[in-house]
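Structures for review follow.
First chain A sits with chain B, and in the next complex the same chain sits with chain C.
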Partner chain A sequence: MAAEARAEARAEARTPRSAQRTWLWGALLALPTAWMVTFFVFAMAIVVLLSFGRTTNDGFPAFATSTANYRALWNDVYLELFVRSLLYALATVVIAVLIAYPVAYAIALHGGRYKNALIAAIVVPFFASYLIRMYAWKALLSDDGLVNSGLRKTGLSDGVTFLNTPWAVIGGLVYGFVVFMILPIYASLERLDVSLIEAGKDLYHGPVRTFFAVTLPATRAGLYGGVLLVFLPALGDFVSAQLLGGANTFMLGNLVQQQFNEGQNWPLGSALTVALMAALTVLMVVYLRATSTEAREA
Partner chain B sequence: MTPHPRLGAARPSRRGFLTGGLAASFALSSCAYIRDDVAVDAPLPPSAKAEIDGDLVYFNWADYLAPRVIKGFQEEYGVKVIESNFDSMEGMYAKIAAGNQYDIVFPIAKWVVKLRREGKLRAIDPAQLTNADQVFYSGSYFNEPWYDAGSRVSVPFTVYKTGIGWRTDKVSSMTGSWHDLWNEEAAGHIFTLDDQDEALAMAALTLGYDVNTAKPSELEEMKKLLISQKDLLRAYSSDDINDMTSGDAWVHHMWSGDFLYLRNGLANNPTKFDFEAPVEGVPINSDTYAIPTNAQHPGTAMVFIDYLLRPENAIKNMKYLYYPFPVRDALPAFADLAKDVPACNVEVSDLENENVFRLLPTDEVQRRAAVWTEVKAS
Partner chain C sequence: MARPRRVERKPALAVAVTVVFFAWLYLPILAVALFSLNDKKSLSRFSGFSLRWYDELVHNSALIDSLVASLEIASVATAGSLVLGTMLALGLERVTSRRGRVIGAVTLLPLVTPEIVTGVAALLLFTGVGLKLSMGTVILAEITFSIAYVTVIVRGRLAGVSREVEEAARDLGCTPFQAVRLVTLPTLVPALVGAGLLVFALVFDDFVLAFFTTGVDPQPLPVRVYSSIRFGVSPAINAIGTLMLLASALLIVAALVLPRLLGRGTSSLDLITGGRR
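So, the complex of A and B:
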């Protein structure tokens, strides 16, 4: 009884302060909201509006109410590009998981006091621009590059064509985005209670079964987040295909870029962008629903 | 669209490769750019006098004049050169159209047509330039260039052609034709420029069509021809210099100045590289100096142009860029620079051919773009 009264009194006393806090939160939100509205919502609105636009005879994009750009999307070539980009992005995700999970696991569970240093070592290279790192790849992997001269010197091979292949593009995408897979998986492994793994070992015997029965389900959220963070940018990327790709690795991102540049067709580029975003949104919603249901069941 | 690379290095590769076509082209979507009516054929704003009237706001490709020439100008005239760069003609145009103020810009020929038509360039009176006779002498092609009637708003800067560079130690069966880009001996090591105008022009010339063609039947043939190349092709790339030095390319569709820089400026063994200007004809293009209408210091810009036209400065720039400058007393120096690969030089007869990239109406550009997209995507 007395405890309840005290709690009530405390709650009352807190009211004015919590109102103040709400006001403060509102004020703090104003700036980011304004920023998002101006640079995200407004910019997106222009893209959406322009996707119904046309190009004037002087080459300027202009607003209009034409659906021609969307009708132009029903084209075998674009469909083929979409499928290709999808396959590249999926391959990127699979490879990124295979690389990221062991790395994150080793750091989170065996990093000891070097944990933070190791994570920093992974993140710091990503401060260098993606573009610069792609150029570095070109220098390393070209026909007369460091890797191939090494192979020739050691007699392992007389040269491998790395560059300008689909695998070079996928490799570039993996390298470009793998950090977004490592970090969320690392975060969820960090939170994992190690005693669970020990209990799992008692229950299931063997590290493999324990991993699939305990560790992996427990870190599912991080894994799902990483998949999304890698898949989405990989699907829309054009830098890797442009710099590392060959004659047959053109991706959707390159197509969009081309419309905004040489193609002199911003409205078509905008329609492509909107369509790609719509497709990604659908994929993302399906994925999120599937994974959240699964997470709830688990 | 232009012979300049979208993303990545190339003409010459010293030009800052990090900027890439991406940043600029996506950053330019200011609302001012999206509009319908554009003034055409406006009367020309009058020429400025060649008198220093402030620091020079300079807008060019990165690394596209010899630094010591720019430094010399600052020292001689006691002004600063405030440099900013573009990485595509589209980016340059968009910034000017958005009202940014520059004193001197360096448009490629067909962009002079566009800027002049829209009244965005100031007249340049040759009488103001003490070295005008270096480019506008009697009989000079540039008295009446195709892109600027009467040379009213532009002064020629460089000229260049597009041809084929190849590795003499890897390929022995070159024929002097554009068909060399289908040379089976170099299968898997052939590169075509990743450039709509250049790639389509190469196909058009191979088939005997106009480089600017937008005829559906001709475009269809060109498309088939370009697609037939893909089995032999390594990639589409405008990074021609690096593709050659890295060993990836044995046969590269490339720009003359890039080739000369590669051969004379970079290669350990220059004789490993050669260049040809295919017999079917080659695209010719020109860069120019121009002064925007809203320039704040057009007088300094006039003095700067005059300074660049001095033969000794043209020679310094040529030895840096490896592109020929049509400056009369500097021509022998370029001939000397290109003496082992005369195909890299641009003769008056080259200029007078019709293989120039013209400013096309939007529907034609888009039709050509659709073909180029299909080629790259198929």
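So, the complex of A and C:
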């Protein structure tokens, strides 16, 4: 009896199962989707709205429909800062590629059984406190830090001012984000069929020509991914410039942070944030277009 | 897996760069740890071993308050993002419609948005609706930022779980909810442990979001440390920095290793490096 009833119930359940299922999965999606829409999409919309806002006479931000904030962005100081941020982020990407490719190559193709351990040895410090790693550089490079005292002791120099220079800031950015270049390149080198390299050597003679004709093109996807993953956070960063640089090396992120914490001009800060996002989106779209066409042609 | 890897002889240049890279990666961190144990204030001459800077930390009540606040923020944010991220992963894995793909893309956006933008947006939202900035607002912002990590890791694991097992449970009389609870969720445990540890470490260390969304008191630990770093370097900061690095290193190592021990299959490391074959 009971078994029969169960079988019946099951047969009944079978027909609307797909409907039931969609209902369940849809319900699972509802809460997280509502969360992301509220705290991310809606929050972003407020930034865009406030970028057209103004500051009231008693200093509070208020919504409005003025383009004054965007017009205020168009001056030499901000433009210089914008260009500087782009240059720093680009330099960061270039240096990161020059470091990351050989490291990923050595580990992926010659790491042997230590491969995973070596990658873990890179990942662990990189996911540990970004702030403390920036501080570590500051301590090392400061005027009475280890590097300068070493230089003085060996008589090479009376001390070099490293901090407050562009290279200190760019170095900090590379130190902060190079792992995002190593990992995707490593992943694509891992997937690379080694017999391709061997065939390349027969065809092209010499490891250098083989590298440029075979290995590099085959790992293009990882390289492109890494460029994006380093460029995005580098352009928006303000910690490196704040701790390792000075007023002459400030980036967009510092300007945004100032408007919200010190300058207290939130509408202007919002306009800066929107400009940063717009620049990133345009660059990303152009970049993705270019790289995907190239990948198709290859 | 065991494919003969007869590649060319070791490329000297790549190996040299790798060695220098590892030195460059670890030298600053080790210097911080070394000089946290110095008995003098100098950050360049090690004169003797002492724990005085650690002793100073223990007696700094504002710092302890910040530590407790950060632990609370990380715990609540981890729990919240695990629940929401898992729901999202389960839903996205099965809803293959266009709507599902759009939702999937939106939830990944925080991963490619510079943190400063997310921070500004959260600040404006909270003040706009009249929420007082506090630990609660930091938690809300951190959950929003962490959901994507959980979703990515859990989806990676889900892809390896055959859906037939769930179908079988249904044929044996489970309701859809029971099938998920009794069959699918247990297979996700390793992924959830890994994701939880990773998110805890990321949130505990996160500075930018906390900086934009925190109230005055108690400040999360990274925010407090940042304000002291701005004024210069000191052995006391070295001490707290060493502890923070050690704590998150342990968490990350656990996040990489535990999922492997708990069950065969993908660990966070595999996901980070694009998976192993």
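Everything below uses one rule, namely that the second predicted complex is superposed on the first by the 258 of 298 C-alpha atoms of A that agree within 3 Å, B and C clash if a C-alpha of one lies under 4 Å from a C-alpha of the other, contacts with A are read in each partner's own complex, and residues count from 1 in each chain.
FYI, contacts are C-beta pairs under 8 Å (C-beta built on N, C-alpha and C of every residue); 3 or more make two chains touch, one makes a residue touch a chain.
Note that the structure is a prediction, hence the values are computed from the model and not measured.
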Which of chain B and chain C A:250 touches, first, second, both or neither: first
Which superposed partner A:187 touches (first chain B, second chain C, both, neither): second
When both partners are placed on the shared chain, which of chain B and chain C touches more of chain A: C
Partner chain(s) touched by A:262 [first = chain B, second = chain C, both, neither]: first
Chain B versus chain C as contact partner of A:131, first or second or both or neither: both
A:163 touches, of chain B and chain C: first, second, both or neither? first
Partner chain in contact with A:56 - chain B first, chain C second, else both or neither: first
Which of chain B and chain C A:33 touches, first, second, both or neither: second
Contacts of A:202 with chain B and chain C, given as first, second, both or neither: neither
Contacts on chain A seen with chain B and repeated with chain C across the two complexes: 43, 46, 50, 129, 131-132, 135, 138-139, 142, 144-145, 238-239, 242-243, 257, 260
Residue ranges of chain C in contact with chain A within the complex: 3, 5-8, 10-11, 13-15, 17-18, 21-22, 24-29, 31-32, 35, 42-45, 84-85, 87-88, 90-92, 94-95, 100, 103, 106-107, 109-110, 112-118, 120-125, 128, 140-141, 143-144, 147, 170-171, 173, 176-177, 180, 198, 201-202, 205, 207-208, 212, 222, 225-226, 229-230, 233, 237-238, 241, 244-245, 248-249, 252-253, 256, 269, 272-277
Footprint of chain A on chain B - complex, ascending: 1, 6-8, 17-18, 20-22, 25-26, 29, 31, 33-36, 38, 40, 88, 90, 114, 118, 188-189, 194-197, 230, 233-236, 242, 246-248, 361-363, 365-366, 369-370, 372-374, 376-378
Partner chain C, residues of chain A touching it in the complex: 6, 10, 17, 20-22, 24-26, 28-29, 31-33, 35-44, 46-47, 50, 99, 102-103, 105-107, 109-110, 116, 119-125, 127-140, 142, 144-146, 148-150, 175, 183-184, 186-188, 190-191, 194, 197-198, 201, 207, 222, 228, 232-233, 235-239, 242-243, 253, 256-257, 260, 266, 269-270, 273, 276-277, 280, 284
Complex contacts: residues of chain A adjacent to chain B: 43, 46, 50, 55-63, 77-78, 80-81, 129, 131-132, 135, 138-139, 142-145, 161, 163-164, 238-239, 242-243, 245-248, 250, 254-255, 257-265
